[in-house]
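Some structures to go through are shown next.
In the two complexes that follow, subunit A is the common piece, with subunit B as its partner first and subunit C second.
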Partner chain A sequence: MKLIDWREIIAELELTAHYHNALVLPPVYGAYCGDMMSDVLARARRGSLWITIQRHRNVIAVASLVGLSAVVISGGRVPPPDTVALAEKEGVPLFSTPLDSFHAAGRLYYLLTRVGLINPTADGVAKPQNT
Partner chain B sequence: MQLKFQVKGMDFSRAGQAATKIKKALQLAGMDPATIRKAIIIAYEAEMNIVIHAYHGTLTANITPHKVEIIAEDEGPGIPDIPLAMQEGYSTAPPHIREMGFGAGMGLPNIKKSADELDIQSEVNKGTKLWAAVFNN
Partner chain C sequence: MMEELAHHILDVARNSLEAGATRVEITVEEDPASDVMRFSVIDNGSGMPPHVLRQLTNPFFTTKTGKKVGLGLPFLQAAVERCGGNLEIKSEVGRGTTVVATFPYYCWDRPPLGDIPRTIVSLLVGNGHLDLRYRHIYNGHSYELDTREIRSRLKGISLDTPEVLIWLRQYLTESLSILSGGGGYEIARRAG
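Right, the complex of A and B next:
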(Lines of atoms letter the chains of each structure in order from A and count residues from 1; the text may use other names and numbers.)
(Lines give C-alpha, C1' and ligand atoms only; values in the text may rest on other atoms or scores of the structure.)
Protein backbone atom coordinates (compact mmCIF):
# COMPACT_ATOMS: atom_id res chain seq x y z
CA MET A 1 0.00 0.00 0.00
CA LYS A 2 1.25 3.48 -0.85
CA LEU A 3 1.39 6.03 1.91
CA ILE A 4 1.70 9.78 1.92
CA ASP A 5 5.02 11.19 3.03
CA TRP A 6 4.52 13.19 6.23
CA ARG A 7 6.66 16.00 4.78
CA GLU A 8 4.05 16.37 2.07
CA ILE A 9 1.18 16.44 4.58
CA ILE A 10 3.01 19.06 6.65
CA ALA A 11 3.68 21.23 3.59
CA GLU A 12 0.25 20.93 1.97
CA LEU A 13 -1.71 21.49 5.17
CA GLU A 14 0.70 24.24 6.32
CA LEU A 15 1.17 22.44 9.65
CA THR A 16 3.03 23.66 12.69
CA ALA A 17 4.18 20.85 14.98
CA HIS A 18 3.49 21.10 18.71
CA TYR A 19 5.64 18.29 20.01
CA HIS A 20 9.24 18.52 21.09
CA ASN A 21 10.49 14.97 21.23
CA ALA A 22 11.65 12.77 18.40
CA LEU A 23 8.21 11.30 17.90
CA VAL A 24 7.92 8.77 15.06
CA LEU A 25 4.96 9.91 13.00
CA PRO A 26 2.59 7.00 12.35
CA PRO A 27 1.18 6.26 8.88
CA VAL A 28 -1.97 8.17 7.85
CA TYR A 29 -4.62 5.93 6.27
CA GLY A 30 -7.46 8.41 6.20
CA ALA A 31 -8.92 11.42 7.94
CA TYR A 32 -11.89 12.50 10.01
CA CYS A 33 -13.29 15.98 10.65
CA GLY A 34 -15.30 16.59 13.78
CA ASP A 35 -15.64 18.83 16.79
CA MET A 36 -17.92 16.62 18.89
CA MET A 37 -15.98 14.17 21.04
CA SER A 38 -18.69 11.48 20.96
CA ASP A 39 -18.91 11.60 17.17
CA VAL A 40 -15.17 11.14 16.70
CA LEU A 41 -15.05 8.40 19.34
CA ALA A 42 -17.80 6.45 17.62
CA ARG A 43 -16.99 7.00 13.95
CA ALA A 44 -13.35 7.90 13.30
CA ARG A 45 -11.23 5.05 12.06
CA ARG A 46 -7.95 3.95 13.60
CA GLY A 47 -4.99 5.43 11.78
CA SER A 48 -6.88 8.52 10.66
CA LEU A 49 -5.71 12.08 10.98
CA TRP A 50 -8.24 14.16 12.94
CA ILE A 51 -9.02 17.73 11.92
CA THR A 52 -10.85 19.75 14.60
CA ILE A 53 -11.33 23.25 15.96
CA GLN A 54 -11.22 21.90 19.54
CA ARG A 55 -7.94 22.36 21.37
CA HIS A 56 -8.59 21.28 24.97
CA ARG A 57 -6.82 18.27 26.41
CA ASN A 58 -9.74 15.91 26.03
CA VAL A 59 -9.01 15.93 22.30
CA ILE A 60 -5.83 14.02 23.13
CA ALA A 61 -7.73 11.52 25.28
CA VAL A 62 -10.13 10.82 22.41
CA ALA A 63 -7.32 10.62 19.84
CA SER A 64 -5.43 8.18 22.02
CA LEU A 65 -8.51 6.05 22.72
CA VAL A 66 -9.38 5.76 19.03
CA GLY A 67 -5.78 5.24 17.93
CA LEU A 68 -5.68 8.22 15.58
CA SER A 69 -2.46 9.02 13.71
CA ALA A 70 -2.37 12.71 14.56
CA VAL A 71 -4.48 15.69 15.55
CA VAL A 72 -4.62 18.89 13.49
CA ILE A 73 -6.18 21.93 15.14
CA SER A 74 -7.56 24.13 12.40
CA GLY A 75 -8.37 27.77 11.86
CA GLY A 76 -5.16 29.23 13.27
CA ARG A 77 -5.98 28.03 16.78
CA VAL A 78 -3.01 27.03 18.89
CA PRO A 79 -3.17 24.29 21.56
CA PRO A 80 -2.68 25.43 25.18
CA PRO A 81 0.33 24.07 27.12
CA ASP A 82 -1.67 21.44 29.03
CA THR A 83 -2.92 19.96 25.75
CA VAL A 84 0.64 19.93 24.36
CA ALA A 85 1.89 18.25 27.55
CA LEU A 86 -0.75 15.51 27.42
CA ALA A 87 -0.07 14.92 23.71
CA GLU A 88 3.61 14.43 24.56
CA LYS A 89 2.75 12.03 27.35
CA GLU A 90 0.36 9.98 25.23
CA GLY A 91 2.58 10.11 22.13
CA VAL A 92 -0.09 11.75 19.98
CA PRO A 93 1.40 13.97 17.23
CA LEU A 94 -0.23 17.39 17.55
CA PHE A 95 -0.27 20.05 14.86
CA SER A 96 -2.03 23.31 14.08
CA THR A 97 -2.85 24.90 10.74
CA PRO A 98 -3.97 28.37 9.65
CA LEU A 99 -6.38 26.66 7.22
CA ASP A 100 -9.99 26.16 8.23
CA SER A 101 -11.24 22.57 8.59
CA PHE A 102 -12.78 22.52 5.09
CA HIS A 103 -9.62 23.57 3.29
CA ALA A 104 -7.33 21.40 5.44
CA ALA A 105 -9.58 18.41 4.75
CA GLY A 106 -9.80 19.26 1.05
CA ARG A 107 -6.05 19.31 0.61
CA LEU A 108 -5.64 16.06 2.55
CA TYR A 109 -8.45 14.44 0.58
CA TYR A 110 -6.55 15.24 -2.59
CA LEU A 111 -3.35 13.66 -1.20
CA LEU A 112 -5.16 10.56 0.05
CA THR A 113 -7.02 10.12 -3.23
CA ARG A 114 -3.82 10.45 -5.23
CA VAL A 115 -2.17 7.51 -3.42
CA GLY A 116 -5.36 5.46 -3.55
CA LEU A 117 -6.22 5.56 0.16
CA ILE A 118 -9.59 7.11 -0.65
CA ASN A 119 -11.94 5.86 -3.31
CA PRO A 120 -14.08 8.92 -4.13
CA THR A 121 -16.94 6.87 -5.50
CA ALA A 122 -17.15 4.32 -2.67
CA ASP A 123 -16.03 5.99 0.55
CA GLY A 124 -17.57 8.67 2.67
CA VAL A 125 -20.64 7.12 4.24
CA ALA A 126 -20.19 7.54 7.97
CA LYS A 127 -20.62 4.40 9.98
CA PRO A 128 -19.94 3.34 13.55
CA GLN A 129 -16.51 1.79 14.04
CA ASN A 130 -17.57 -0.53 16.83
CA THR A 131 -18.47 -3.61 14.84
CA MET B 1 -9.08 -8.35 36.77
CA GLN B 2 -10.83 -5.33 38.22
CA LEU B 3 -9.89 -1.68 37.65
CA LYS B 4 -11.67 0.99 39.65
CA PHE B 5 -11.31 4.77 39.27
CA GLN B 6 -12.66 7.75 41.17
CA VAL B 7 -14.23 10.33 38.86
CA LYS B 8 -14.93 13.89 39.98
CA GLY B 9 -17.69 16.05 38.58
CA MET B 10 -16.50 18.97 36.40
CA ASP B 11 -12.88 17.77 36.53
CA PHE B 12 -12.17 18.14 32.83
CA SER B 13 -8.41 18.13 33.40
CA ARG B 14 -8.46 14.42 34.24
CA ALA B 15 -11.43 13.45 32.11
CA GLY B 16 -10.77 10.48 29.89
CA GLN B 17 -7.92 9.15 32.01
CA ALA B 18 -9.90 6.24 33.42
CA ALA B 19 -11.02 5.15 29.95
CA THR B 20 -7.42 5.45 28.69
CA LYS B 21 -6.16 3.19 31.49
CA ILE B 22 -8.93 0.68 30.81
CA LYS B 23 -7.93 0.63 27.14
CA LYS B 24 -4.31 -0.14 28.01
CA ALA B 25 -5.40 -2.98 30.31
CA LEU B 26 -7.63 -4.44 27.59
CA GLN B 27 -4.78 -4.30 25.09
CA LEU B 28 -2.43 -6.01 27.55
CA ALA B 29 -5.07 -8.67 28.14
CA GLY B 30 -5.06 -9.34 24.39
CA MET B 31 -8.73 -8.56 23.83
CA ASP B 32 -10.14 -8.40 20.31
CA PRO B 33 -9.81 -4.87 18.81
CA ALA B 34 -13.59 -4.67 18.21
CA THR B 35 -14.22 -5.56 21.87
CA ILE B 36 -11.72 -2.91 22.96
CA ARG B 37 -13.35 -0.26 20.78
CA LYS B 38 -16.82 -1.01 22.16
CA ALA B 39 -15.60 -1.12 25.75
CA ILE B 40 -13.70 2.16 25.50
CA ILE B 41 -16.66 3.95 23.91
CA ILE B 42 -18.76 2.84 26.88
CA ALA B 43 -16.05 3.67 29.42
CA TYR B 44 -15.31 7.11 27.98
CA GLU B 45 -18.94 8.13 27.56
CA ALA B 46 -19.81 6.88 31.06
CA GLU B 47 -16.80 8.68 32.52
CA MET B 48 -17.74 11.91 30.74
CA ASN B 49 -21.33 11.61 31.92
CA ILE B 50 -20.06 11.62 35.51
CA VAL B 51 -17.74 14.56 34.79
CA ILE B 52 -20.45 16.60 33.06
CA HIS B 53 -23.55 15.75 35.08
CA ALA B 54 -22.68 14.24 38.49
CA TYR B 55 -20.90 15.39 41.64
CA HIS B 56 -18.61 12.40 41.83
CA GLY B 57 -18.59 8.72 41.09
CA THR B 58 -16.62 5.62 40.23
CA LEU B 59 -15.84 3.88 36.97
CA THR B 60 -15.12 0.17 37.23
CA ALA B 61 -13.99 -2.33 34.61
CA ASN B 62 -14.24 -6.06 35.25
CA ILE B 63 -12.15 -7.84 32.67
CA THR B 64 -12.38 -11.56 31.99
CA PRO B 65 -11.26 -13.40 28.83
CA HIS B 66 -14.83 -13.59 27.57
CA LYS B 67 -16.39 -10.36 28.77
CA VAL B 68 -15.71 -6.76 29.75
CA GLU B 69 -18.09 -5.17 32.24
CA ILE B 70 -18.13 -1.40 32.66
CA ILE B 71 -19.91 -0.04 35.73
CA ALA B 72 -20.39 3.68 36.34
CA GLU B 73 -21.91 4.71 39.65
CA ASP B 74 -22.42 8.31 40.63
CA GLU B 75 -23.94 10.61 43.17
CA GLY B 76 -25.68 13.37 41.29
CA PRO B 77 -28.95 14.73 39.99
CA GLY B 78 -30.02 11.41 38.47
CA ILE B 79 -31.94 10.95 35.20
CA PRO B 80 -35.67 11.70 35.50
CA ASP B 81 -36.61 10.12 32.16
CA ILE B 82 -34.19 7.39 30.98
CA PRO B 83 -35.94 6.64 27.62
CA LEU B 84 -35.74 10.37 26.79
CA ALA B 85 -32.05 10.50 27.79
CA MET B 86 -31.39 7.51 25.50
CA GLN B 87 -32.68 9.45 22.48
CA GLU B 88 -29.97 10.71 20.15
CA GLY B 89 -29.69 14.47 20.32
CA TYR B 90 -31.30 14.88 23.74
CA SER B 91 -28.96 16.54 26.23
CA THR B 92 -29.15 18.61 29.38
CA ALA B 93 -25.52 19.77 29.17
CA PRO B 94 -25.02 23.53 29.58
CA PRO B 95 -23.71 25.72 26.70
CA HIS B 96 -20.10 25.98 27.94
CA ILE B 97 -19.85 22.17 27.96
CA ARG B 98 -21.31 21.97 24.45
CA GLU B 99 -18.73 24.44 23.18
CA MET B 100 -16.03 21.93 24.18
CA GLY B 101 -17.63 19.34 21.93
CA PHE B 102 -19.58 17.49 24.59
CA GLY B 103 -23.29 17.32 25.29
CA ALA B 104 -24.43 16.48 21.77
CA GLY B 105 -26.85 13.93 23.15
CA MET B 106 -24.74 11.10 21.75
CA GLY B 107 -23.28 9.65 24.94
CA LEU B 108 -25.97 7.22 26.07
CA PRO B 109 -26.92 6.27 22.45
CA ASN B 110 -23.23 5.49 21.81
CA ILE B 111 -23.18 3.34 24.93
CA LYS B 112 -26.36 1.55 23.85
CA LYS B 113 -24.96 0.81 20.37
CA SER B 114 -21.70 -0.53 21.80
CA ALA B 115 -23.03 -2.62 24.69
CA ASP B 116 -24.13 -6.23 24.28
CA GLU B 117 -26.04 -5.87 27.55
CA LEU B 118 -26.99 -2.66 29.31
CA ASP B 119 -28.83 -1.69 32.46
CA ILE B 120 -29.33 1.84 33.79
CA GLN B 121 -30.89 2.58 37.17
CA SER B 122 -31.36 6.14 38.31
CA GLU B 123 -32.94 8.01 41.17
CA VAL B 124 -33.56 11.75 40.92
CA ASN B 125 -31.40 13.81 43.32
CA LYS B 126 -29.51 10.69 44.31
CA GLY B 127 -27.54 9.23 41.45
CA THR B 128 -27.22 6.84 38.57
CA LYS B 129 -25.82 3.35 38.12
CA LEU B 130 -24.93 2.15 34.66
CA TRP B 131 -23.90 -1.42 33.99
CA ALA B 132 -22.79 -2.52 30.55
CA ALA B 133 -21.22 -5.68 29.19
CA VAL B 134 -19.30 -6.38 26.00
CA PHE B 135 -18.60 -9.98 25.03
CA ASN B 136 -15.17 -10.76 23.62
CA ASN B 137 -15.79 -12.83 20.51
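Right, the complex of A and C next:
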Protein backbone atom coordinates (compact mmCIF):
# COMPACT_ATOMS: atom_id res chain seq x y z
CA MET A 1 0.00 0.00 0.00
CA LYS A 2 1.20 3.48 -0.82
CA LEU A 3 1.41 6.09 1.88
CA ILE A 4 1.58 9.84 1.77
CA ASP A 5 4.88 11.37 2.71
CA TRP A 6 4.52 13.42 5.89
CA ARG A 7 6.49 16.23 4.29
CA GLU A 8 3.77 16.48 1.69
CA ILE A 9 1.01 16.57 4.31
CA ILE A 10 2.87 19.25 6.24
CA ALA A 11 3.37 21.39 3.14
CA GLU A 12 -0.08 20.90 1.67
CA LEU A 13 -1.97 21.56 4.93
CA GLU A 14 0.40 24.39 5.94
CA LEU A 15 1.08 22.70 9.27
CA THR A 16 3.02 24.02 12.20
CA ALA A 17 4.34 21.32 14.52
CA HIS A 18 3.79 21.49 18.29
CA TYR A 19 5.67 18.40 19.37
CA HIS A 20 9.19 17.38 20.09
CA ASN A 21 11.06 16.87 16.83
CA ALA A 22 12.41 13.51 17.98
CA LEU A 23 8.93 12.05 17.65
CA VAL A 24 8.54 9.59 14.81
CA LEU A 25 5.41 10.38 12.82
CA PRO A 26 3.16 7.36 12.34
CA PRO A 27 1.67 6.56 8.93
CA VAL A 28 -1.64 8.20 7.98
CA TYR A 29 -4.24 5.81 6.58
CA GLY A 30 -7.24 8.14 6.56
CA ALA A 31 -8.75 11.16 8.24
CA TYR A 32 -11.63 12.37 10.33
CA CYS A 33 -12.97 15.82 10.89
CA GLY A 34 -15.09 16.87 13.86
CA ASP A 35 -15.32 18.92 17.02
CA MET A 36 -17.60 16.83 19.17
CA MET A 37 -15.49 14.53 21.29
CA SER A 38 -18.04 11.73 21.60
CA ASP A 39 -18.58 11.68 17.84
CA VAL A 40 -14.84 11.40 17.18
CA LEU A 41 -14.53 8.66 19.80
CA ALA A 42 -17.31 6.75 18.09
CA ARG A 43 -16.40 7.25 14.45
CA ALA A 44 -12.74 8.09 13.94
CA ARG A 45 -10.52 5.13 13.07
CA ARG A 46 -7.13 4.12 14.35
CA GLY A 47 -4.36 5.46 12.13
CA SER A 48 -6.36 8.46 10.97
CA LEU A 49 -5.40 12.10 11.08
CA TRP A 50 -7.94 14.23 12.98
CA ILE A 51 -8.84 17.78 12.04
CA THR A 52 -10.63 19.80 14.73
CA ILE A 53 -11.07 23.32 16.08
CA GLN A 54 -11.01 22.03 19.67
CA ARG A 55 -7.75 22.59 21.49
CA HIS A 56 -8.23 21.58 25.10
CA ARG A 57 -6.47 18.61 26.62
CA ASN A 58 -9.30 16.18 26.00
CA VAL A 59 -8.33 16.33 22.35
CA ILE A 60 -5.11 14.51 23.23
CA ALA A 61 -6.99 12.03 25.41
CA VAL A 62 -9.37 11.20 22.55
CA ALA A 63 -6.51 10.95 20.04
CA SER A 64 -4.61 8.62 22.32
CA LEU A 65 -7.67 6.48 23.07
CA VAL A 66 -8.60 6.04 19.41
CA GLY A 67 -4.99 5.64 18.30
CA LEU A 68 -5.06 8.53 15.85
CA SER A 69 -1.91 9.25 13.86
CA ALA A 70 -1.95 12.98 14.45
CA VAL A 71 -4.12 15.91 15.47
CA VAL A 72 -4.45 19.09 13.41
CA ILE A 73 -6.01 22.12 15.07
CA SER A 74 -7.56 24.24 12.36
CA GLY A 75 -8.62 27.81 11.82
CA GLY A 76 -5.39 29.46 12.89
CA ARG A 77 -6.02 28.39 16.47
CA VAL A 78 -2.99 27.47 18.52
CA PRO A 79 -3.00 24.82 21.26
CA PRO A 80 -2.45 26.13 24.81
CA PRO A 81 0.73 25.03 26.64
CA ASP A 82 -1.04 22.38 28.76
CA THR A 83 -2.36 20.68 25.64
CA VAL A 84 1.09 20.76 24.04
CA ALA A 85 2.61 19.29 27.21
CA LEU A 86 0.08 16.47 27.32
CA ALA A 87 0.60 15.73 23.62
CA GLU A 88 4.31 15.43 24.24
CA LYS A 89 3.77 13.16 27.23
CA GLU A 90 1.39 10.92 25.30
CA GLY A 91 3.47 10.99 22.12
CA VAL A 92 0.63 12.37 20.02
CA PRO A 93 1.85 14.42 17.04
CA LEU A 94 0.11 17.78 17.34
CA PHE A 95 -0.11 20.39 14.57
CA SER A 96 -1.95 23.60 13.83
CA THR A 97 -2.93 25.12 10.51
CA PRO A 98 -4.17 28.52 9.38
CA LEU A 99 -6.65 26.72 7.09
CA ASP A 100 -10.19 26.20 8.34
CA SER A 101 -11.42 22.62 8.78
CA PHE A 102 -13.15 22.51 5.41
CA HIS A 103 -10.09 23.56 3.43
CA ALA A 104 -7.65 21.46 5.45
CA ALA A 105 -9.89 18.42 4.98
CA GLY A 106 -10.30 19.17 1.28
CA ARG A 107 -6.58 19.24 0.66
CA LEU A 108 -6.01 16.08 2.68
CA TYR A 109 -8.85 14.35 0.88
CA TYR A 110 -7.12 15.06 -2.40
CA LEU A 111 -3.81 13.61 -1.10
CA LEU A 112 -5.47 10.48 0.32
CA THR A 113 -7.52 9.88 -2.81
CA ARG A 114 -4.47 10.23 -5.00
CA VAL A 115 -2.61 7.39 -3.26
CA GLY A 116 -5.74 5.26 -3.14
CA LEU A 117 -6.31 5.41 0.61
CA ILE A 118 -9.80 6.80 0.07
CA ASN A 119 -12.44 5.29 -2.14
CA PRO A 120 -14.53 8.35 -3.14
CA THR A 121 -17.60 6.33 -4.01
CA ALA A 122 -17.78 4.17 -0.89
CA ASP A 123 -15.97 5.72 2.07
CA GLY A 124 -17.35 7.99 4.72
CA VAL A 125 -20.98 7.04 4.40
CA ALA A 126 -22.60 6.85 7.82
CA LYS A 127 -25.45 4.51 8.57
CA PRO A 128 -28.78 6.33 8.88
CA GLN A 129 -29.47 7.22 12.49
CA ASN A 130 -32.78 7.52 14.25
CA THR A 131 -33.36 10.90 15.82
CA MET B 1 -16.09 31.12 21.01
CA MET B 2 -17.66 29.43 24.00
CA GLU B 3 -15.06 26.75 24.51
CA GLU B 4 -14.86 26.88 28.30
CA LEU B 5 -17.43 26.95 31.06
CA ALA B 6 -15.65 30.10 32.24
CA HIS B 7 -16.77 31.80 29.00
CA HIS B 8 -20.38 30.83 29.66
CA ILE B 9 -20.10 32.12 33.22
CA LEU B 10 -18.73 35.42 31.95
CA ASP B 11 -21.58 35.69 29.45
CA VAL B 12 -24.27 35.00 32.05
CA ALA B 13 -22.71 37.38 34.58
CA ARG B 14 -22.47 40.11 31.94
CA ASN B 15 -26.22 39.75 31.48
CA SER B 16 -26.48 40.37 35.23
CA LEU B 17 -24.51 43.60 34.92
CA GLU B 18 -26.68 44.71 32.01
CA ALA B 19 -29.69 44.04 34.21
CA GLY B 20 -28.29 46.56 36.68
CA ALA B 21 -27.08 44.08 39.28
CA THR B 22 -24.96 45.50 42.11
CA ARG B 23 -24.26 42.10 43.60
CA VAL B 24 -23.42 38.93 41.72
CA GLU B 25 -22.74 35.57 43.34
CA ILE B 26 -20.97 32.96 41.25
CA THR B 27 -20.53 29.43 42.52
CA VAL B 28 -18.67 26.59 40.83
CA GLU B 29 -19.11 23.14 42.26
CA GLU B 30 -16.92 20.27 41.16
CA ASP B 31 -17.81 16.89 42.55
CA PRO B 32 -16.14 14.15 40.52
CA ALA B 33 -17.28 11.44 42.94
CA SER B 34 -20.93 12.31 42.30
CA ASP B 35 -20.25 13.03 38.61
CA VAL B 36 -21.38 16.64 38.96
CA MET B 37 -19.99 19.88 37.57
CA ARG B 38 -22.28 22.80 38.32
CA PHE B 39 -22.13 26.54 38.18
CA SER B 40 -24.60 29.14 39.29
CA VAL B 41 -24.87 32.88 38.84
CA ILE B 42 -27.21 34.72 41.20
CA ASP B 43 -27.80 38.44 40.82
CA ASN B 44 -29.92 41.20 42.30
CA GLY B 45 -30.58 42.81 38.92
CA SER B 46 -33.90 43.89 37.49
CA GLY B 47 -35.11 40.35 36.84
CA MET B 48 -37.32 39.27 33.97
CA PRO B 49 -41.06 38.91 33.52
CA PRO B 50 -42.37 35.43 32.62
CA HIS B 51 -42.84 36.22 28.90
CA VAL B 52 -39.12 37.09 28.59
CA LEU B 53 -38.10 34.09 30.69
CA ARG B 54 -39.96 31.75 28.37
CA GLN B 55 -38.05 33.07 25.37
CA LEU B 56 -34.57 32.89 26.88
CA THR B 57 -33.29 29.87 25.05
CA ASN B 58 -34.88 30.87 21.77
CA PRO B 59 -31.95 31.98 19.58
CA PHE B 60 -34.15 34.44 17.68
CA PHE B 61 -35.10 36.28 20.82
CA THR B 62 -33.05 39.14 22.22
CA THR B 63 -33.77 42.16 24.36
CA LYS B 64 -31.01 44.13 22.72
CA THR B 65 -32.20 46.54 20.06
CA GLY B 66 -30.69 46.33 16.61
CA LYS B 67 -29.86 42.66 17.02
CA LYS B 68 -31.86 39.84 15.60
CA VAL B 69 -30.41 36.90 17.44
CA GLY B 70 -29.15 36.41 20.99
CA LEU B 71 -27.05 33.33 21.34
CA GLY B 72 -25.58 33.44 24.84
CA LEU B 73 -28.13 31.33 26.67
CA PRO B 74 -29.09 29.16 23.67
CA PHE B 75 -25.41 28.14 23.42
CA LEU B 76 -25.29 27.33 27.11
CA GLN B 77 -28.52 25.35 26.74
CA ALA B 78 -26.98 23.43 23.83
CA ALA B 79 -23.77 22.73 25.76
CA VAL B 80 -25.81 21.41 28.68
CA GLU B 81 -28.04 19.25 26.46
CA ARG B 82 -25.08 17.78 24.61
CA CYS B 83 -24.05 16.12 27.86
CA GLY B 84 -27.50 15.36 29.19
CA GLY B 85 -27.21 18.07 31.86
CA ASN B 86 -29.70 20.61 33.05
CA LEU B 87 -30.15 24.39 32.80
CA GLU B 88 -32.39 26.16 35.26
CA ILE B 89 -33.26 29.84 35.08
CA LYS B 90 -35.38 31.54 37.72
CA SER B 91 -36.19 35.20 37.77
CA GLU B 92 -38.43 37.69 39.48
CA VAL B 93 -38.98 41.27 38.38
CA GLY B 94 -37.36 43.68 40.80
CA ARG B 95 -35.52 40.94 42.70
CA GLY B 96 -33.03 39.32 40.38
CA THR B 97 -32.16 36.23 38.41
CA THR B 98 -30.62 32.85 39.15
CA VAL B 99 -29.01 30.70 36.48
CA VAL B 100 -27.88 27.18 37.38
CA ALA B 101 -26.16 24.94 34.83
CA THR B 102 -25.47 21.35 35.81
CA PHE B 103 -23.25 19.05 33.77
CA PRO B 104 -22.09 15.50 34.31
CA TYR B 105 -18.45 15.71 35.40
CA TYR B 106 -17.41 12.83 33.20
CA CYS B 107 -18.68 13.70 29.76
CA TRP B 108 -16.38 14.05 26.79
CA ASP B 109 -18.46 16.82 25.30
CA ARG B 110 -18.53 18.95 28.41
CA PRO B 111 -16.44 22.06 27.92
CA PRO B 112 -13.57 22.22 30.41
CA LEU B 113 -13.96 24.70 33.26
CA GLY B 114 -11.25 26.95 31.85
CA ASP B 115 -9.79 30.17 33.12
CA ILE B 116 -11.99 31.29 36.04
CA PRO B 117 -9.61 34.01 37.29
CA ARG B 118 -9.78 35.66 33.90
CA THR B 119 -13.58 35.59 33.97
CA ILE B 120 -13.68 37.17 37.45
CA VAL B 121 -11.18 39.87 36.55
CA SER B 122 -12.99 40.60 33.25
CA LEU B 123 -16.19 41.19 35.17
CA LEU B 124 -14.51 43.65 37.51
CA VAL B 125 -12.84 45.74 34.80
CA GLY B 126 -14.85 48.95 34.68
CA ASN B 127 -17.07 47.65 37.48
CA GLY B 128 -14.95 48.45 40.53
CA HIS B 129 -18.07 48.95 42.64
CA LEU B 130 -19.58 45.56 41.91
CA ASP B 131 -20.09 43.28 44.88
CA LEU B 132 -18.90 39.97 43.54
CA ARG B 133 -18.74 36.79 45.51
CA TYR B 134 -16.99 33.82 44.01
CA ARG B 135 -17.26 30.46 45.64
CA HIS B 136 -15.57 27.30 44.44
CA ILE B 137 -16.32 23.92 45.90
CA TYR B 138 -14.03 21.09 44.95
CA ASN B 139 -14.64 17.66 46.42
CA GLY B 140 -16.44 19.22 49.35
CA HIS B 141 -13.66 21.70 50.13
CA SER B 142 -14.56 25.26 49.47
CA TYR B 143 -12.86 28.53 48.70
CA GLU B 144 -14.53 31.90 48.78
CA LEU B 145 -13.68 35.36 47.59
CA ASP B 146 -15.80 38.43 48.25
CA THR B 147 -14.92 41.76 46.70
CA ARG B 148 -16.56 43.54 49.65
CA GLU B 149 -13.89 42.11 51.91
CA ILE B 150 -11.07 42.98 49.50
CA ARG B 151 -12.46 46.47 49.02
CA SER B 152 -12.48 47.13 52.75
CA ARG B 153 -8.80 46.24 52.92
CA LEU B 154 -7.88 48.37 49.92
CA LYS B 155 -8.77 51.49 51.93
CA GLY B 156 -10.09 53.61 49.11
CA ILE B 157 -8.04 52.25 46.22
CA SER B 158 -10.48 51.22 43.50
CA LEU B 159 -10.81 47.50 42.97
CA ASP B 160 -10.46 47.86 39.24
CA THR B 161 -7.08 49.58 39.19
CA PRO B 162 -4.83 47.48 36.94
CA GLU B 163 -2.36 46.57 39.70
CA VAL B 164 -5.15 45.28 41.94
CA LEU B 165 -6.69 43.24 39.13
CA ILE B 166 -3.34 41.71 38.20
CA TRP B 167 -2.80 40.74 41.81
CA LEU B 168 -6.35 39.41 42.08
CA ARG B 169 -5.94 37.20 39.04
CA GLN B 170 -2.71 35.75 40.36
CA TYR B 171 -4.17 35.29 43.84
CA LEU B 172 -7.25 33.51 42.46
CA THR B 173 -5.14 31.26 40.25
CA GLU B 174 -3.01 30.21 43.21
CA SER B 175 -5.96 29.76 45.55
CA LEU B 176 -7.85 27.57 43.10
CA SER B 177 -4.75 25.54 42.41
CA ILE B 178 -4.28 24.91 46.13
CA LEU B 179 -7.97 24.02 46.50
CA SER B 180 -7.70 21.33 43.86
CA GLY B 181 -4.49 19.94 45.29
CA GLY B 182 -1.98 21.39 42.85
CA GLY B 183 -2.13 22.39 39.22
CA GLY B 184 -3.45 20.38 36.34
CA TYR B 185 -6.24 18.75 38.27
CA GLU B 186 -8.75 18.73 35.46
CA ILE B 187 -6.93 15.95 33.74
CA ALA B 188 -8.33 14.60 30.57
CA ARG B 189 -11.63 13.14 31.56
CA ARG B 190 -12.54 9.55 31.12
CA ALA B 191 -15.75 8.83 29.29
CA GLY B 192 -18.89 8.49 31.43
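Please note the rule applied: the second predicted complex is superposed on the first by the 125 of 131 C-alpha atoms of A that agree within 3 Å, B and C clash if a C-alpha of one lies under 4 Å from a C-alpha of the other, contacts with A are read in each partner's own complex, and residues count from 1 in each chain.
In this section, a residue touches a chain if its C-beta (ideal position, glycine included) is under 8 Å from a C-beta of that chain, and two chains touch if they have at least 3 such contacts.
Since the model is a prediction, treat every value here as computed from it, not as a measurement.
Superposition of the two structures on subunit A shows subunit C clashing with subunit B. More residues of subunit A are touched by B (comparison of subunit B with subunit C).
Looking at the shared chain after the overlay, A:Leu23 reaches neither subunit B nor subunit C. By the document's definition of touching, both partners, subunit B and subunit C, reach A:Asp82.
In the superposed pair of complexes, A:Arg57 makes contact with subunit B and with subunit C alike.
Using the contact criterion defined above for the overlaid structures, shared-chain residue A:Ile10 touches neither subunit B nor subunit C, since it reaches no partner. When both complexes are overlaid on chain A, the residue A:Val115 reaches neither subunit B nor subunit C.
In the superposition on chain A, contact is made by A:Pro128 with subunit B only, not with subunit C.
Across the superposed pair, subunit B and subunit C both touch subunit A at residues 36-38, 41, 54, 56-58, 61-62, 82. Note for the complex: subunit A touches subunit C at residues 36-38, 41, 53-58, 60-62, 82, 86. The touching residues of subunit A, counted against subunit B in their complex, run 35-39, 41-42, 46, 52, 54, 56-59, 61-62, 64-65, 82, 90, 128-131. Listed in rising order, the residues of subunit B touching subunit A in the complex are 12-13, 15-17, 19-20, 23, 33-34, 37-38, 40-41, 44-45, 48, 100-102, 104, 106-107, 110, 113-114. Every residue of subunit C that touches subunit A in the complex is listed here, in rising order: 1, 3-4, 82, 107-109, 111-112, 184, 186-189, 191.
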